[in-house]
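Each of the next two complexes has subunit A plus one more chain, namely subunit B in the first and subunit C in the second.
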Partner chain A sequence: MKVQEVVIAVSVAAMALLLAYAVEIGGLGPIAPHRIRDLAVAYLINTYNPWNITLSSLSLEAVTAIVWDYRGIDTFFETSVLFVAIVGVTSLLRGFSEKTGLGGAGLSEIVKTSTRILAPLILVAGIAIALHGHLTPGGGFQGGSFIAVLFILLSVAFSLDYAVKLGVSSRKLLALRSSGLIGILATSLALLVAGLLLGVNSYIFQNMAREGAPLSMPSWLLDRPTGGTLLWFNTFEALAVAAGISLAFLVLSLREEEMKEALGQGEWYE
Partner chain B sequence: MSDPISPVFTVIFICLTINIGMSLYGIFVRPSLVKKFIALTIFSDTLNCFAVAIGFRRVLDTYPSVAVLATLPESPEQLSQLASAAVDPLPQALVLTAVVIGLAVYMFLTGLIIMYYRYYRTTRVDVVRGGKFG
Partner chain C sequence: MEILPLLIAAVAAVLSVISTYLAVRANDMLNAVIFSALQSTAYAIMFYVFMAPDIVLVYVPVSVGILPAVTILLIKKTERYEG
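Moving on to the complex of A and B:
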C-alpha cells in the first residue's frame, strides 16, 4: 500500500469522524425535530380529503399522490429519462440479435425447480405492488422493477436461450415499453380531451376537480378508491418499467460471441 | 441526551457519513471501473438515505399506532391527527424520482463499462496504454 493511499484513507476517515462529531453536538441543526414543515402538513391533509376535493387527489398514499398528481409532469419527464437511457443502451450495444443454440443450459435442476415455484409469486407480488400503489407503499416503478426481476431470474436460471424461445425479443419489449409510455400520455391527456369535447375548462395531468375545472377522473372502482388517474398511471408505468428494464438486461447480457457473429469478425468497434 | 431517539439517529448519521467517506474513496482511488461503479451506487444510496432522514420527525406518543390511514377517514379531525404524527412525504417522493433517474444512469454506465471491457480487455483505468484513446 502506497503512502498516498494511506493519506487518502486517513483523511476520509477524519472527515467522517468530524462530520459525525458535528452531528453529535448538534452543530448541523436538530436531527428529527418534533414538527414537520407546513408544506408536508398540507400534503398529508390534502392527499385524501373528500371534504376539500379541489385540493385533494383522493389517494390514500401521499408519496404516490405527490409523484403522479402534484408533481406529475416531473415524473413524466423522469420516465422519459429512463426511456432515453434504454434507447442509449440499445444503440450503444447495437448489432445484437437474439440467437439460440449458442450453448448454456442454465443453472442446476434445484435452482430451476425453485425458480418455477417463485416465478408466479414474483409476478403476482409485482402486479399487486403496482395496482395498489395509491393504497399502500409502492407504485408503478416499484412493481415494474419487481416484474423485471422475473425476467432476469428466468434468463439466469434457465439461460437466455430459454427466454428467447419463450418469445421474448427486444422488439416486443420495446413495443411494450412504448405502449406503456403512450398509455401514460393518454391518461395525462384524458381529462383535457374530455374537457374540450364538453366545452369546460380542464388541465393537462388533471386528476380531481380543480377550481374552474369541474371534471374529475372516476375515483371509485367497485368498492375501492382508485385515486383517479393514479391507478392508470401506476399500471402503465409498471408495464413500461418492467419491459424497459427487461430490455436493458437482455441487451446488456448478450454474449460476446453473439456480437462478433452479428457484426462479423475483426474490427467491430472501430 | 435525555430522550432515547437521539442516540439512534446519531448512530445512523455516523454510519451514513462513514458510508460517504468509503464510497468517495472507492470512486477516487480504486482503479477498476466496476468497483468505481459499485462505490457510486453506494454513494447515491447514502445521499438518498440522508434525504429521507430530512423528513423524519420525533413522534409524540399520543398517536395510538403507526401513522397511516388504515381505513378511509371519517372526519377531518382524523386527517389533522394523521398530520400531527406522520413523517414528511415530500423527500420520499423526491428520492423515488432520484432512484429512477439513478437507475437510468446506472444502466447506461453498465453499457459503457461493458464496451470498455470488450475494447481494452480490462476494466482497470490505470493500465490502459496504446489503445485508441490511450
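Moving on to the complex of A and C:
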C-alpha cells in the first residue's frame, strides 16, 4: 500500500496546483480557437440579437439559449428521463414512512461546524447559478444539483433524524418536484395558450417572436435581461432537480425500521 | 502561454487514468469511490481548461457529490470488501 499513499499525496498536491491555475485563468483560457465553424458563428451572432428578434433568444449565454430555446424539446425529454428514474425509485419502495429516534446523531462536532459554515455558501451558489443561467455559465440543472448536494451534506453531517425534524419529508419533496415540473410545462405552453386566446399563431416552446408568430415572452425585468422563457425554465428546473434528487437520496438512505412496511407491502401483490 | 493549459490538461488526463486504474483495482469499495471522485475532479479540470464551464458546473456536484453519496449508501447496504 506504500505506492498508493505516494500516489494519493502526489495527486492531491497536483490537484491543488491545477485548481489554483484553473481558477486563475478564469475559465476563458488561451485555448480559444481562431477558426469557428459556421454553425457556431450563427449561434454566437443570433443568441443575443435585439436587431433581428425573429432569430434571437435574447439570452447572453449561448449554451443556455441552445439548451432551453433552440433545442428546448430535447432538454424537456432529458429532464423527463431523470424524473421517470426518480418516479421508479419512489414507486419501487412505496409505503415507507420517515421515523425519528432511530439513533445516529450525525458526525463529529468539527464536521458539523464546518458544514454550518459551508451550507449557506452552497445554497447561495446554487440559487445564483440557477437564476443567472441566461447570463453566466450554469443553469437550472447545475443550480438544482448544488442544492441537492447541500441536502445530502446536511443529512449526512447532521443525520437523517435532524432533516426529518426540520420538516423535510418525502411528501413535501414530491410536491416541490411536481410543482417544478408543472412550472416547466406551464412555461412551455404559456405563449401557445396566449396565442390561442388572442387568435394569433404561436408555437410550443416559443420564446421570442418568430416569423408569423408575433408574441414573445417579456425579456426585461427592470434593467436586467431575462432571456424570456429561459429564466422561468431555469428556476423551475432548479426547483424540480433539487427536490427530485434530494427525494431519491432520502428514499435510498431510509433505515431498515422505516422500510419494514414498504417491504411487507410487496407480499400483497404476490 | 499556449502550452501551459495543454500541459495542465495532460497532467489531469494522466491523473484520471491512474485514479481509474486504482479505483478498478481497489479491494475496499470506499477507496474505489474516493478514487473515482478523484478521477471526476481531473475530468472537471480538463473541461474547465477546454472552456466548457457549463459542463464543469454540472459535473462537479453530480460526480463528486451525488454519485459518491449514492454509491456509499449502496456499499453500506451491501458489502464493503471485494473478493
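Here are a few things to note about the model shown:
In this section, the second predicted complex is superposed on the first by the 220 of 270 C-alpha atoms of A that agree within 3 Å, B and C clash if a C-alpha of one lies under 4 Å from a C-alpha of the other, contacts with A are read in each partner's own complex, and residues count from 1 in each chain.
Methods note: a contact is a pair of C-beta atoms (placed from the backbone, for glycine too) under 8 Å apart; a residue touches a chain by one contact, two chains touch by 3 or more.
Quick caveat, the model's predicted, so the values are computed rather than measured.
After overlaying the two complexes on the shared chain, residue contacts for A:Val89 are found with subunit B alone; subunit C is out of touch.
Shared-chain residue A:Val41: touches subunit B; no touch with subunit C. Once the two complexes are laid over each other on the shared chain, residue contacts for A:Phe141 go to subunit B and to subunit C alike. In the superposition on chain A, A:Thr229 makes contact with neither subunit B nor subunit C. Once chain A of one complex is fitted onto chain A of the other, the partner contacts of A:Ser219 are absent, as it touches neither subunit B nor subunit C. By the touch criterion stated above, A:Ile129 is placed in contact with subunit C alone, subunit B being left untouched. After overlaying the two complexes on the shared chain, residue contacts for A:Thr115 are found with neither subunit B nor subunit C. Of the two partner chains placed by the overlay, only subunit B lies in contact with A:Thr75; subunit C stays clear of it.
Once the two complexes are overlaid on the shared chain, A:Leu19 sits against subunit B and subunit C alike.
When subunit B and subunit C are set side by side, the one touching more residues of subunit A is B.
Residues 15, 19, 31-32, 63, 139, 141, 145, 245, 248, 252 of subunit A touch subunit B in one complex and subunit C in the other. Residues 5-6, 9-10, 13-14, 17-18, 20-22, 24-25, 28-29, 53, 55-58, 60, 69, 72-73, 76, 79-80, 82-83, 86-90, 92-93, 96-97, 99-101, 103-105, 107-108, 110-112, 114-115, 118-119 of subunit B are the ones that touch subunit A when the two sit in their complex. Touching subunit A in their complex are the following residues of subunit C: 1-2, 4-6, 8, 11-12, 15, 18-19, 22, 38, 41-42, 45, 48-51, 53-54, 56-58, 61-62, 65-66, 69-70, 73. Contacts from subunit A toward subunit B in the complex involve residues 5, 8-9, 12-13, 15-16, 19-20, 23-24, 31-37, 39-41, 43-45, 47-49, 51, 60, 62-63, 66-67, 71, 74-75, 78-79, 81-82, 84-86, 88-89, 92-93, 139, 141, 145, 225, 245, 248, 251-252, 256, 259, 269. Of all the residues in subunit A, the ones that touch subunit C in their complex are 4, 7, 11, 14-15, 18-19, 21-22, 25, 27-32, 63-64, 129, 137-139, 141-142, 145-146, 148-149, 152-153, 156, 245, 248-249, 252-253.
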